[in-house]
Amino acid sequence: MSTLSFDIAHLLAGGMLLVSFMMIYQTRLYALLNVFALHAVMLALSVAWQAVVQDAPHLYVTAAIALFFKAILIPGALHRIIQRMGIHRQVEQVVGTGATMLLGMGLVALSTVLMLKLTSGSDALAREDLAFALSIVLLGFLMMITRRNAVSQVVGFMSLENGLILAAAGAQGMPLVVEISVAFSVLVAFIVIGVFLFRIRERFDSVDVTVMDDFRGEKR
Amino acid sequence: MELIFNLLVQGLQMFLVVAIAPLVAGVTHRMRARLLRKKGASIWQPYRDLLRLMRKEVVLAENASWLFRAVPYLVFAATWVAAALIPTFATGLQFSWSADLIAIVALLGSARFFLALAGMDVGTPFGGLGSSREMMIAALAEPAMMLTVFSLALLAGSTQLSTVVEYLAGPGVGLRVSLGMALVALVIVALAENARIPVDNPSTHLELTMVHEAMVLEYSGRHLAMIELAAALKLVLYLSLIAALFVPFGIAAPGQGVGPHLLGLLYYLVKMLVGAVALATFELSIAKMRVFRIPELLGAALMLSLLGTLLLFVSRSL
Amino acid sequence: MVNLVLGGALLLMMLGLASVVLAGRAGASKIVYGASALLSALVAVVGLVFLLSLAPSSTLILPIGLPWIGAHFRLDALAAFFVIVVGFGSAIISIYSIGYGRHEAEPWRVLPFYPSFIGAMLLVVIADDAFTFLLSWEVMSLLSWALVLAHHREQAVRSASLVYLIMAAMGTMALILAFGLLAGPVGGYDFDHMRSVAESPLLGAIVVILMLVGAGSKAGIVPLHVWLPQAHPAAPSQVSAMMSGIMTKVAIYGFIRVTFDLLGGAAWWMPEIVLAVGAVTAVMGVLYALMQHDLKRLLAYHTVENIGIIFIGLGLAMAFRHYDMNAAAALAMVAALFHILNHSVFKSLLFLGAGAVQNATGSRDMEEMGGLIHRMPVTSVVFLVGSIAISALPPFNGFVSEWLTFQAILLSPDLPDWGLRILTPGVGGMLALAAALAAACFVKVYGVVFLGRARSSQAKTAQEVDRWSLAAMAVLAVVCLLAGIFPGFVIDALSPVSHALVQSSMPVQTTDPWLTITPVASGRSSYNGLLVLLFIAGSASFAAWAIHRFASRGLRRAPAWDCGFVLDAPNTQYGAASFAQPIRRTFGTAVFRVVEHVSMPRPGSTAPAKFRVTMRDPVWDGFFVRIGGGVGWLADKANRLQFLTIRKYLSVVFTLLVLLLLVLTLWN
Amino acid sequence: MSFPFGPVELILGIPAVAAVLLAVLPGYRLTSWLNVGASLASFLAAAALLVVGRPAPSAFFLIDELNIVFVVLNTFVGFTAACFSAAYIAHELETGRLTPVYLRFYHAMYQVMMFGMNLVLVTNNIGLMWVAIELATLSTVLMVGIYRTPEALEAAWKYFILGSVGIALALFGTILVYLAAQPVLGEGAAAMVFTNLLPRAAEFDPMILNLAFVFLILGYGTKVGLAPLHAWLPDAHAEGPTPISAVLSGLLLNVALYAVLRFKMLMTANPETLAPGPLMITMGLVSLIFAALMLYRRRDIKRLFAYSSIEHMGIIVFAFGMGGPLANFAGLLHMVMHSLTKSAIFFSVGHIAQIKGSQKTAEIRGLTHSHPALGWALVVGVLAIAGMPPFGVFMSEFLIISSTFSRAPFLALIFVAGLLLAFGALLMRLTGFAFGEPTGNLQPVKASMAPLYIHMGLVLLAGIYLPGPMVAWFQAVARLLG
C-alpha cells in the first residue's frame, strides 16, 4: 500500500473523528443533525476510498448507503420529527460540553494506545483505521450517555454505527454480508425507533426519555 | 462365710445410718440450743417426733395426686440407698459396685427431683417457691459436687467410693491443695443440700426465705415423717461422706476381722458426733444469706472444685 | 440386607405418593400411618438383625444419581444402628399418629410427606456416596419443611418454616463444600474413594468445621440452633417428635460418618472445637429451655441441650482416638451413641406427650395448663418417665449415657495434650451443670403442666388421649426403663459400631454378674441400674408397708394448708415464668440480659402492679437479626439500580466497557 | 435420506414458513394450533438430528455436540411454550387485553423469533450469527411491547435501546475477530466460518482476540442478562406476555450464552490470549450476588423470576468460567435445567397472574389452598430453581460447588453466599405466594398444566437419573469447551 493512499484514508478517518467531536460540541438539535449528516458524508468518503484502495467494488454500495440513508434521509426525517412534534430545540446536556470534550479526548487516547499496542503485527492501515473507528464508537457511546434528548441519543447511536462501518470497511475483504446487514440493521433500527417515537408521541408530550422513566412498573 | 460377713456389714451399715440419722439431728439441735444458752430439747427428741408423726393420720390436700403420696417413700428410699452405699465404718461394702459416686449424686438428684415435684403438686404458692429455689440451688450445687467427685476420682483413679476411700486412707496421699479445695467445696455443697444456714434455715416455717420447709409445707403425718427422716438421713450421708473422704482414719478395710470393724464403728460414731457439733457451731457463727446471694456462695464452691480438678489434671503430668 | 432397607425406604416414599390420592378419603390417615408404622418397624428389625448378626457390610450400586458414580448404598454397623433409631422411632410415632392424626384439619398437608420423610431419613443413613447422601439429606429437609407448614395459616409457622429451610440450605451448602474437599478435584464422590484417600490435617480440620456447620446446624448446635426451637414446635406434634427425636440424630449420623469413617485420622487432631461446641450447646440449650413457657419450644431447646451432650461424647472420642487411647475412645463413642438412642426415645416420648397435652388443652402455653395428672393419668405417668429420663436421673436410660460420658471425661487426664487436659474438666463441669439445670427445667415442666391446679377451663376439662397414642407412649416409656436397667445389652450391641468407628470396643458387659456395667475396669467404676431400681423399689415398699402396718394408715382430705392462706385463683400458683425466676436471675442477667421491670402503683391506687421481663436472645438478636439487617441494607442499596434511567444504564455499560479496555491497555 | 430437506433446513424452514402463514391467516383457534404445530414440527426436526445423525459442517451451517444440545432444548421449550401460549392467549382475548390483529402479529413474531434463535444456533458463520441474534432481539422487542400499556412500551423501549447498543458492541467484536483471522485465513467469507476459525485460532493475534472478546462479552452478555448489563431483562420479562417471558428466560438467554461460549472456545484455543475465565467468573459472581440482592425487594412476581434468571445466568457463566470437565458439565446441565424449570415457573405464574388479575406479590397469597395444583406446581418449581433436590438444578449446583471448592475456595464461598442469598429471597416470596390465608380470586381455574408437568417431570428425572447417552454427550461438550 502506498503512503499516499494510507494518508488519505488516515485523513478521512481523522476527519470523521473530528466531526464526532463537533457533534459533541453542538448545543442545538438542528445543528446537531447537520453535523451528523457531515459525519455520514465523511463515512461515505472513507468507505469509498477503502473501496478504491482494496479494489473491493462492493464497498461502493456501502458508501452509497451511508451517503443516502445517513447523510440525507435520516437527518431529514429527524428534522421533520422535531418540527412535527415541536420538540425543544436545545440539546440538553448531562455533562457540560467542555467536560465531555475532555472525556472524549481520553477515550481517543485510550483507543489509540490500545490499537497501537494490539496490532503490532498487522498492517498499518487497518490498525490506524481501527483506532479511529474505536474512537468514533466510543464517542458515539459517550454522546448517548451525556445527552438527555432522545433525538441526540439516537444521533449518538448512529454515529456509533458509523464507527462500526468504518471498522468493517477497514477490514480487508470483509464479506458484503456484513455491510448489508449493518445497513439493514440501521434501517430497521430507524423504523422501529420511528414506530416507538410515534407511539410515545401518542402518549407523552415529549420523546424525552426521562419522562418515560417514571413508568417503572414497580414504583419506588 | 466371708460373703455372710460382708452381707452383715452391709446390712449393719444400712440400718446404722437410718438409726443414727435422727440422733445426729438431735445432737445438732441440742448443741445449737446450748450454744445459745438455752436448755434445748433432748437429743432423742427427733425419734419421738418421728414416731408421733408416723402415728398421726395424714391430712391430705384435696387436689393432691398419687404422686404427692408416693414421693415421701421414694425420697426416703432413694436417700437410703444412696446412704447405704457410703462407707461409714468399713469400706468394701457388698453392693458398692451397684452404684459409684456419680450414681450416688444422681440418686440424691432423683430424691430432690421428686420432692420438688411434690412441692408443686398441691398448687400452693409456697410449694412452688420452695421447689423453684431448691432446684436453683441444686443446679449450682450439683455441678460443684460433681467436680469434687471428679477431683477425688482422678486422685484415686476410680469413681467407686470404696476404692476412693481405700486410696485416701492409704499412705499414698499427702496433703494436697486440690483435696483442700475439694473439702471446702464439698462442705458448702453439703450445707446447701441439707438446707442449713447460710443457705436455708431448717428451723423456720414462716419466712419467705425458706426453701426446703416451704416445699414440704403441705405434708403431714407419716408422709412428713418419711421426709424428715430422709432429710436427717441425707445429713448423715453427707457427714459420712466427708468423714470417709477427708478423715478416713480408723475405717475398716475389707477382709479385716471383727475387731477392726468394731473399732471403725466407734470411730465413726465419734466422727458423727464431732460433725454434728461442728455443724451447729458453724451455723450459729454465721448469718442466713439472702436467697439471691446463694448463687455466689455456690458459684465459689463450683470454682473451687473446678480449680481443684484442674490442678489435678495438670499435676498428673508433672 | 441393604436392599431390604432401601426397599423399605422406597416403599415409604411410594406410600407418600399414594396418600396424595388417598388423602381425601375417610380413614386414609389410619391406613397411611399404620402402613408407615409397619414398614418402619420392619426396617428397624432388619437393622437390628444386621447389627446383632455382625454381618459384613452390605452394598448396592444403582445406576441413578450422579451419572458416572451411580447411587451407592451401604449398610454397615453404623448405618444399621441409625436404621434402628430411625425405624424404631418412626414406627412408634406412627402408631401414635394412628390415633393422633385424626385431629388433623387438613390431612393432605401431612399424609403425603410423613412416610416420605421417614423414607428420606433412611436413605440418608444408607447412602454411600456424596450425591445420594446430600440428595436424601436435602429431601429430608424439604419434606420436614412441608410438614412444618401443615398449619400454614399461622404467621409464626410460616416464619419458622422460612428460617428452617434457609438454615437447612446453609447447612447443605457447607456439606457440599465438605464433600467437595473430600472428593478432591478428580470428583471421587463415592464414600469408598473418600475412605481410601488420606487427607491432610488441614483439610481434615476444614472438613470438620464444615461438618459442624452443615450437620451441626441440622442437629441444632449453638449458635446454629435458631431454627430448631421455631420449627419443631410449629409442626404437628408427631412431626415435632420425628424432627426432634429422629431427624437430629440423622444429622449427627452425618457428622459421625464423615469425621470418623470418611476422614479418619485427619479429623481427630482438633477435638477441642467439637468439645467446646458441645459444652456450650448443652448449657445454652438448657438455659434457653428454662426461659420458655411454650411446652414444645421448651422441649425443642432441650433437644439442643442433648445434642450438645452427644457432641461432647463425640469430641472425647476424637481426642482419645487421636492419641490412640482406644479403650477410652470406645467408651466415649459408646456413650455418644447410647445417648443418641436414649434421646431419640425419650424426646419422642416427651413430644408425643406434649402433643397429647396440646390436644387436650388446646394450647402449648404452659401457663394455661396445670393439674393434668388428674385428667390424663396415663399420659402423666409416661411423661414423668420421660422427664426423669431426660433429667439424667437413675434408674432410667438418660442417666446411663451421661454416666458413661462422665466416665469418659474422667479418663481424659491421660491425654498428652495440655489444652485438652485443661478443657475437659471444664466440659465436665458444664455437662454436670446442664444435667442439673435440665432436672430443674423438668421439675418446672412437670410441675406446671401436670401438677398443681388447672389454670384454664380447657385444662380443667381435659380428656385423656386415645389408646393408640397411649400405647405408643407406653412403649417408649418402657424402653426408657429397660435401657436404663439393662444397659449392658445396649452397650454390647453397640460394640461393632464403635469398632467400626474407633477401631476398638468396650469390654463385653453382659457377662458381668447382675448385669452390672463396668466401662473400663471393675475397680474403677461400675453401675447397676437394675439393682438400684430394685433397692429403691424394695426400700420404698418396705418403708410404706412397715408404716402402714405398724404406725397408721389414716388419711383425711382437707383444703390445702398453705400456711393458712386461702387458695383461690389458680394464678397464685407458681407458673413457668415464676418457677424459672431464681435461675433467670442467676444465669439470665449475664446470658440473656434479662431485665425485670416492676411498676408499683402508688399507695391507695387501685391500679394493678405490673411485672414485665425483657430478655434478648444473644444468638438470634446479636447475630441473625444483624445478618438479616445487613442483607436488607444491601438489598436496599442494590435496589436503587432498578430505578435508573436508560441513559444511566447505558452509562454503566459504557463505564464497564472503558474499564475493561483500560485493563487490556494496562495488561503486561 | 429420502427427504428433500435435511433436519437443519427444516429447523429453519418451518418457523420461517409458519411466520408467513401466521401473518396472513385469520382466526384465533386455527393460528394457535398452527403455532403449536409448527413448533412441534421444529422440535421433531431437531430431535431427528439426534436420530439420523448430523450433517457435515458447511460454510453456513454447523451442527456439533455443543449446539445440538441448544437446538433440541430450544425447539422443545419453544413447543411447550407454544402450548402454554395457546391457553394463555385465549384468556387474554377473553379479557380483551389483546385484539385479533395483534394476535396475528404475536403468532407471526413468535415464529420469527424461533427462526432467529434457531439460526443463531445452527449457523457456522459468526456474521450470520450476529444477524440472527439481532433478528431474535427485534422480534422479542415487538412482543414485549405488544400490550401497548405505558409500562410495556417503556420496557420494550428500554430493551430496544440497551439491546441495540449491545448488538453494536457485539458487531464490533465480530469485526475484530475477522480482523484477527484475516491474516491467517485470508480475505473473504472463509475467515468468518467458525469451523475454520477454531483450528487456526492459535495463530491469531492474541491481543485482537482479547479486544474482540471484551466487546463480544459485553455485547452478547447484554443479551445474556449479566449484571450490570441486565437492565432490560426484568422489565421485559415483567411487561410482556407471559409465554414470551418464559421464552426469553428459557431460550433467548441461552442463545446469547451460546454465542458467548462459541467465542470463549475460540479464546481458549489460543494459549496466548488472556484467559476468558476470570472475566466470566467475575461477571458471573457479580450477576449472582446482585440479582440475589435484588430479589429481596421485588414486588412484581414476574420481575422476581426475571431477576432469578439473571442469577442463574450468573451461575452458568461462573461455571463455564471455571472450566474443567466437571464445571463445564455442570454449567451445561444447569443451563438445560434452568430453561426447563424457569419456563415452567413462568407457565404457572402466567396462570396465577391471570387468576388474580395482578402480578403484585402482595396480592398473591395462599395458592396451595385456593388453587392446589397451580400452587404446588409453583412450590415445586421455585424449590427446584432454588437448587433443592431431587431436581436437576441441585445436581448441577452440587457439581459446581464441590468441584470449585478444592480449586478456588474463596470463589466457591462467594458463590455459595450468593446462592444462599437468592435462596432466602425466593423462599421468602414463595412462602407468601403459596401459604397463608388465600386472597383475591378463589375461583377454580382451567389451566393448561401439561407443559408444566412435562417440564417438571423432566427436571425431576434429571435430578435423579441422567441417561447414559446424554451424559456421554454432555461430557463430550464439556471437553469441547475446555
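Chains here go by letter, A, B, C and D, matching the order in which they are written, and residues are numbered from 1 within each.
The criterion applied here is as follows: contacts are C-beta pairs under 8 Å (C-beta built on N, C-alpha and C of every residue); 3 or more make two chains touch, one makes a residue touch a chain.
Here the structure is a predicted model, which means the values were calculated and not measured.
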Inter-chain pair with the most contacting C-beta pairs:
B-C
Looking at C-alpha means, what's the farthest chain from chain D?
B
Take the average of all CA coordinates in chain B, do the same for chain C, and state the distance between these two points in whole angstrom.
35
Taking the mean of the C-alpha atoms as each chain's centre, how many Å separate chain B from chain D?
78
How many angstrom between the C-alpha centroids of chain C and chain A?
69
Measure off the straight-line distance from the CA centroid of chain A to the CA centroid of chain D, and report it in whole Å.
31
Which residues of chain A are in contact with two or more other chains?
114, 117, 141, 144, 153, 209, 213, 216, 218
At which residue positions does chain B touch at least two other chains?
none
Going by the touch rule set out above, which residues of chain D reach two or more other chains?
157, 161, 165, 207, 210-211
Interchain pairs in contact, sorted by label
A-C, A-D, B-C, C-D
Quick check: in the complex, which residue numbers of chain D touch chain A?
125, 127-128, 130-131, 134, 138, 141-142, 145, 148, 150-151, 153-157, 160-161, 164-165, 167-168, 171-172, 174-176, 178-179, 182-183, 186-189, 191-192, 205, 207-208, 210-211, 235, 238-239, 298-300, 303
Residue numbers of chain D touching chain C in their complex, please.
157-158, 161-162, 165-166, 169, 207, 210-211, 214-215, 218, 222, 228-229, 231, 234, 274, 279, 290, 293-294, 296-297, 324, 326, 366, 368-369, 383, 386-390, 394-395, 397-399, 401-407, 412-413, 416, 419-421, 423-425, 427-428, 431, 435-437, 463-466, 468, 471
Partner chain B, residues of chain C touching it in the complex:
370-371, 373-374, 384, 388, 391-394, 399, 403, 406-407, 409-410, 412-414, 416, 418, 421-422, 424-426, 428-430, 432-433, 435-437, 439-440, 442-444, 446-448, 451-453, 514, 516, 518, 522-528, 531-532, 535-541, 543-544, 547, 551-552, 554-563, 565, 567, 570, 572-574, 578-583, 585-586
Chain A partner contacts - residues on chain C that touch it in the complex:
642-643, 645-648, 650-651, 654, 657-658, 661-662, 664-665
Flag every residue of chain A that touches chain D in the complex, lowest number first.
114, 117-122, 126, 130, 133-134, 137, 141, 144, 153, 157, 160-161, 163-164, 167-168, 171-175, 177-178, 181-182, 185, 188-189, 192-193, 196, 199-200, 203, 209, 212-213, 215-218
